[in-house]
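Structures given as structure tokens follow.
Each of the next two complexes has chain A plus one other chain: chain B in the first, chain C in the second.
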Partner chain A sequence: MQPTSTIYKKKAPLLVFLIPAFAFLGVYLFYPFIQNVINTFLNIGGLGRSADGANTPFYMNYAELLRDPKLRTALKNTLLLTLCTVVFQVGIALVLALLVDSIHRGARIFRTIYFFPIVISATALGLMFNLIFLYKGGMVNQMLFSLGKLHTETRASGRMVVDWIDWKDKDHFMTTMFLPVIWQYVGFYFVILMTGLSNISEDVFESASLDGAGGWQKVRYITLPLLRNTLCTCLVLAVTGALKVFDLPWVMFGAGMPEDRGWLTGTYMYDQTFNKANIDYGSTIAVLIVVLGVVLSNVSKALFRQTDDY
Partner chain B sequence: MKKTKKAIALSLTAAIGLSAAGAVMAGAADPVTLSVVTSYGGDDGNRRNFEQAVQEYEDKTGNTVEDGSATSDEEWKAKVLTDYETGSEPDVLFFFSNADADPIIDAGKVVSIEEIRETYPDYATNMKEAMLAAASDGKHYAVPSSGFWENLFVNKTVLEDCGVDMPGTNYTWDQFLEDCQTIKDAGYTPIACSLFEVPHYWFEFCVMNNGSLDSQLTLPAVEADGSLDEAGQKWAAALNDMKELYDRGFFPENTTTATDAETVQLFGDGDAAFLIDGSWKVGYFTENYPDNLEDYAVAYVPAKGDRKATDAIGGISMGYFISRKAYDDPARQKAAVDFVEYLTSDDVLSRFVTTEVTALVNGAKPADLNSLQQSAAEANANLTGIVGAVQDTISSEAKGDLFGNVVAVVTGSMTAEDAVKSAIRINGNPGAADEGATG
Partner chain C sequence: MKKRVRPSVIFIYIVLIFWGLTTVYPFIWVLLNSFRKKGLILSDSFSIPAGKAFTLENYALAGERADFKNAYLNSFIISGSVTIGVMLLAGLAAYGMARYRFRGRNLLYSLTMAGMMIPVFSTIIPVFRLEVMMRIAGTGNRWLSLLATILPQVAGNLCFAMVILMNFIRSVPIELEESAFMDGASVFQIFFRIIIPTAKSSFATVAIFSFLWSYNDLFTQSFFLRYPRDRAITGLLNEISSQAGVNYGLMAAAVVLVVIPVLVVYMFLQKNIMRGLTAGAVKG
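Entry: the complex of A and B
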């Protein structure tokens, strides 16, 4: 009897589904990206304006990338943020997931609570953290003041002067910037890891218990190896996600605060493009971000390679 | 039977055709939604007046206004210009009528008053023609709203607490430095200012202190030998004066990271003595500190050199523009014109004005001035000269660069001369063309 279905032989129907998606990507991703690369060689004085010819020399913006001290700062901060993201964001998410997985009651509540920051807009979070870290009257400074941790001095006039901590100054900005960014996405990785944990059969843990394995041994020798692929996915997402961070730091720190030490590649590109109207240089930074993203995601994929061996 | 069917079909077709035609005709008179962008956003002192005027316009015309107003700063200006460049401009824009508007005027994105008057002859006729800002093509585009002045606000309670006299019409820079030291020693912040966000108020007056009222608008240039010309040196000296204030600790501790709102609050709460700001802050304090109004007064910015303390910054720098896209759309043209006419009518504009300059032919009639407004009116009465802000004559990009570098200058990571040269290079200067500017 001859098979009646030809669905696997005829490729035409597949094209019907593939072409619209490909066209969409072509128009909204590949074309702008190629145009962006071309823009890096042109002299463009404003968004939407025509180019005033090519740069002289044509690679001027790429040479500027090597000379620009603000970009070096942005790259250093972004790479540090990526590292912190991998260590703390995924690390904290893993610990929380293991803890929540080990309880039987209230797991759903914790899932909701930890996931909650994801659904709040970064702008709102930025404003909230601005208030938390406000110089005078901010939550953190008020708490420190109440605990007597801030230096105070009474002047001859009888007025008490408090040395409030400027959480955005050059000594503290890194913590103030990274903390909200890391906090915001812990819940995202927590949910992914919880899903991974739920896929591990209870039978494995039961037999391990019968063999006399303790809690830590079960985590070390069963949970972590079986969670490896999920963890790899989280790490790759964390690395590539950290390179794109923009909104929260921009709301909290604006243009390079403090003293041009707070740039990230995303915020610096935005500032050059939209505030300084240096479109071609902004495009060049965008190309650098893409290259950096491709390189780092490949490196992280190679480092955290998924495997079927346990 | 066939004939009956034909008749029914014809009647239905006619009915559908007539309803469609009716819908089109009715559509022409339908209320429209007008997108409007102004700087009456955030904590602007006239925010409430603007919202009330918009509501009245909506009630009167049946049109709806989509208000995209925000607080005016360099980022807002850049965003507005970008919206025009990318084709997502508002129908009506309340914006700066100086060099900031050049990109949208040059690109033909807004309609001139002269062109609008061809169809609406009474448009902006309640304004003094001489006070309409002229663009480089000689035409006028913005219908002026209320003007502005910038001067020194003082917190009288702080001064009294520190034993410092109220600044008078002969207030000198040296006396000011002495007063600041006294105020600082007493545990107060002498000057409320965010050098990160709004250094331009101090810059303007420091430039005038190193020059004069008459030379305020002279733009700097780089000489052939790479040095700054006289105006450039004046700008550099102004930045160095600000650095001195910073080095001596007269600005708030967090001036390089604080927002304008934070430092204004220092002044409002009685933790800082001096604040240079504009006429719009009178409305802000009236609205946000109604119980403390007696604490504040408007005085005179300390002077040195040829400048008198009674010389100030001011003028009319903003107005209403109608976008070409809205004007060429028959459905929105009249709505846009009506909106601008209503917002700039004598009655409505008088509500926005307390002590500011206006271009109204009949003048504004502010009533019931409070103590701060009275103080501002008295200070204005003593003014010996008023000139526009020099920052309004350079491009947004150059301005953004110059003021973005103020923190670097005061903290010592950049020289004042380099900051000025960088701004000149971006603003365009033949002598700086070969200095390796980035595209």
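Entry: the complex of A and C
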């Protein structure tokens, strides 16, 4: 830490520097956060209205959390999504990064292309994937049809009937919901991992080559261990990111389609608050989301503990 | 020379190009179909829409049904203000935190770190209530509705921005400031004439992620922007997706209208954008 310079001995200007930001944070972040926890014990009749006293019993909403089957679905889906994002997003990104790192031409183009979906709003992507997964005439179904993978039947009248796959039904909705979410952010982790790879010194690889290490051995014993910290960062970001997913599933599935099986904690919280006017219950789900975030990010930090020794 | 993995190079390129196609092709498919005549999307969506199949109808309809110009205007007002607000507040605070030694500094630092962990889900309801009481939200006035969206979005980006700027300012050698001080500059002059220019790249990082985060956010917007003329781009798209029914050409045109401007900006600023969005991970 630098010693305080003479410039900064006089503390008066400090107020001008700090008060705007922290006053703002107090009003718009910390106060609402605490108020939200208090709200979970109150009975609130509508969005923007004040509370009509406390709930009886005061822990009513928390008891409801335990009973609510839709919340259980939401929780299950969200945890599954988290797991899938960690495995596939970071997994695919790692494979792509290692591959791009090993080629000499075109690395920049791949980087540009892979990162692009991240800057597009999830709402636009949701609309796009709605078209892609359309029941009749969507891109996926038409591709499967032209590959001859769809069941067809020729009626007596000579008309051919195609058994289109409903990508949003209860057998397929998980794929349809998770794929775009995972797909969008692969490029994000790819870029982070590329930065990590470029920080590994060339000398290590040269000496390994001299010792006769092959390509895969170098990846296994040098690249991956040296990339460990970057990978940890990616995993923690993937976990916390997955808990915040809202826009894409909301645009594609709305309120828990199909048949209340498609909820995520984020979409369920929004629906309870906004459409069902269950304000205090919505607050309780929000508290659950916070707790989940803190627990999962600490668990993942502990699992993939960052080390400084290499 | 880097030589790590080497199965055949061709195989590597096939894998890389395959993933590239999964990224690019959906956009191309949507682009092609936005120019295709109604009805043909369902039967023949892969060919290039030429001759009879070609139409601009979808765009005409999109322009007629949805007010894109107005939505873009709203989006730019919101995201522009969020960006300026975040840069200003975070810049001042980061400078104070990085340079001054004072009691309570550690507490404020911990608060900032904790603030990064607070998701918007958990603040939105009390914020809505607060803004209703302050007569900003739910008034029906367009400008107030925009303001009602801007304020919580500033708060949502502020902590992260402060951490990035603090880390940077701390790494700036203090000598520059000292010599300016000797020449009689006040701390405020030092802030505007030395700190801001030196930390330009960090401010750019902060600006980019604040802008994009705000521009792409649907959750906060859907609470505060209730009327059609208040709607920003993401809200408009959400509206189209729930109301266009079976008019797939209109949906495709709407997606294109939103993606193209972003694509253009991305082409020019991609390096900065990548740095901006991955700043948290790589540490600013």
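By definition in this document, the second predicted complex is superposed on the first by the 279 of 310 C-alpha atoms of A that agree within 3 Å, B and C clash if a C-alpha of one lies under 4 Å from a C-alpha of the other, contacts with A are read in each partner's own complex, and residues count from 1 in each chain.
We take it that a contact is a pair of C-beta atoms (placed from the backbone, for glycine too) under 8 Å apart; a residue touches a chain by one contact, two chains touch by 3 or more.
Note that the structure is predicted; figures quoted are calculated from it, not measured.
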* To do: Could you tell me whether chain B and chain C fit or clash when both sit on chain A in the superposition?
  => clash
* Which partner does A:A286 reach: the first (chain B), the second (chain C), both, or neither? -> second
* Should A:L134 be classified as contacting the first partner (chain B), the second (chain C), both, or neither? -> both
* In the overlay, answer first, second, both or neither for which of chain B and chain C A:F58 touches. => neither
* Using the touch definition from the top, say if A:L29 reaches chain B (first), chain C (second), both or neither. => second
* To do: Using the superposition described at the top, determine whether chain B or chain C touches more residues of chain A.
  => C
* Looking at the overlay, does A:A255 come into contact with chain B only (first), chain C only (second), both, or neither? -> first
* **First (chain B), second (chain C), both or neither touched by A:F274** => both
* Asked: Thinking of the overlay built on chain A, is A:Y221 touched by chain B (first), by chain C (second), by both, or by neither?
  -> neither
* Asked: Where on chain A do chain B and chain C both make contact?
  -> 47-49, 134, 136, 254, 274
* Across the complex, what residues on chain C touch chain A? -> 2-7, 9, 12-13, 15-16, 19-20, 22-24, 26-27, 29-30, 33, 41-43, 45-46, 88-90, 92-93, 95-97, 99-102, 108, 111-112, 115, 117-119, 121-130, 132, 137-138, 151-152, 154-156, 158-159, 162, 170, 174, 177-178, 181, 186-188, 190-191, 212, 215-219, 222-223, 233-234, 237-238, 240-242, 248, 251-252, 254-255, 258-259, 262-263, 266, 270, 273-274, 277-278, 280-282
* What residues of chain B sit close enough to touch chain A in their complex? -> 74-75, 78-79, 81-82, 84-87, 103, 161-162, 185-188, 196-197, 253-254, 256-258, 262, 265-266, 271, 396-397, 400-401, 404, 407-408, 411, 413, 426, 438-439
* Within the complex, which stretch of chain A touches chain B? -> 42-44, 46-49, 55, 60-61, 64, 134-136, 153, 155-157, 159-161, 164, 166, 168-169, 173, 254-260, 274-278, 280-281
* Asked: What residues on chain A touch chain C, complex-wise?
  -> 2, 4-8, 11, 13-14, 16-18, 20-22, 24-25, 27-33, 35-36, 39, 47-50, 92, 95-96, 98-103, 106, 109-124, 126-132, 134, 136-137, 139, 142, 146, 183, 186-188, 191-192, 195, 202, 205, 209, 215-216, 218-219, 223, 230, 233-234, 237, 243-244, 246-247, 250-251, 254, 266, 269-270, 273-274, 279, 282-283, 285-287, 289-290, 293-294, 297
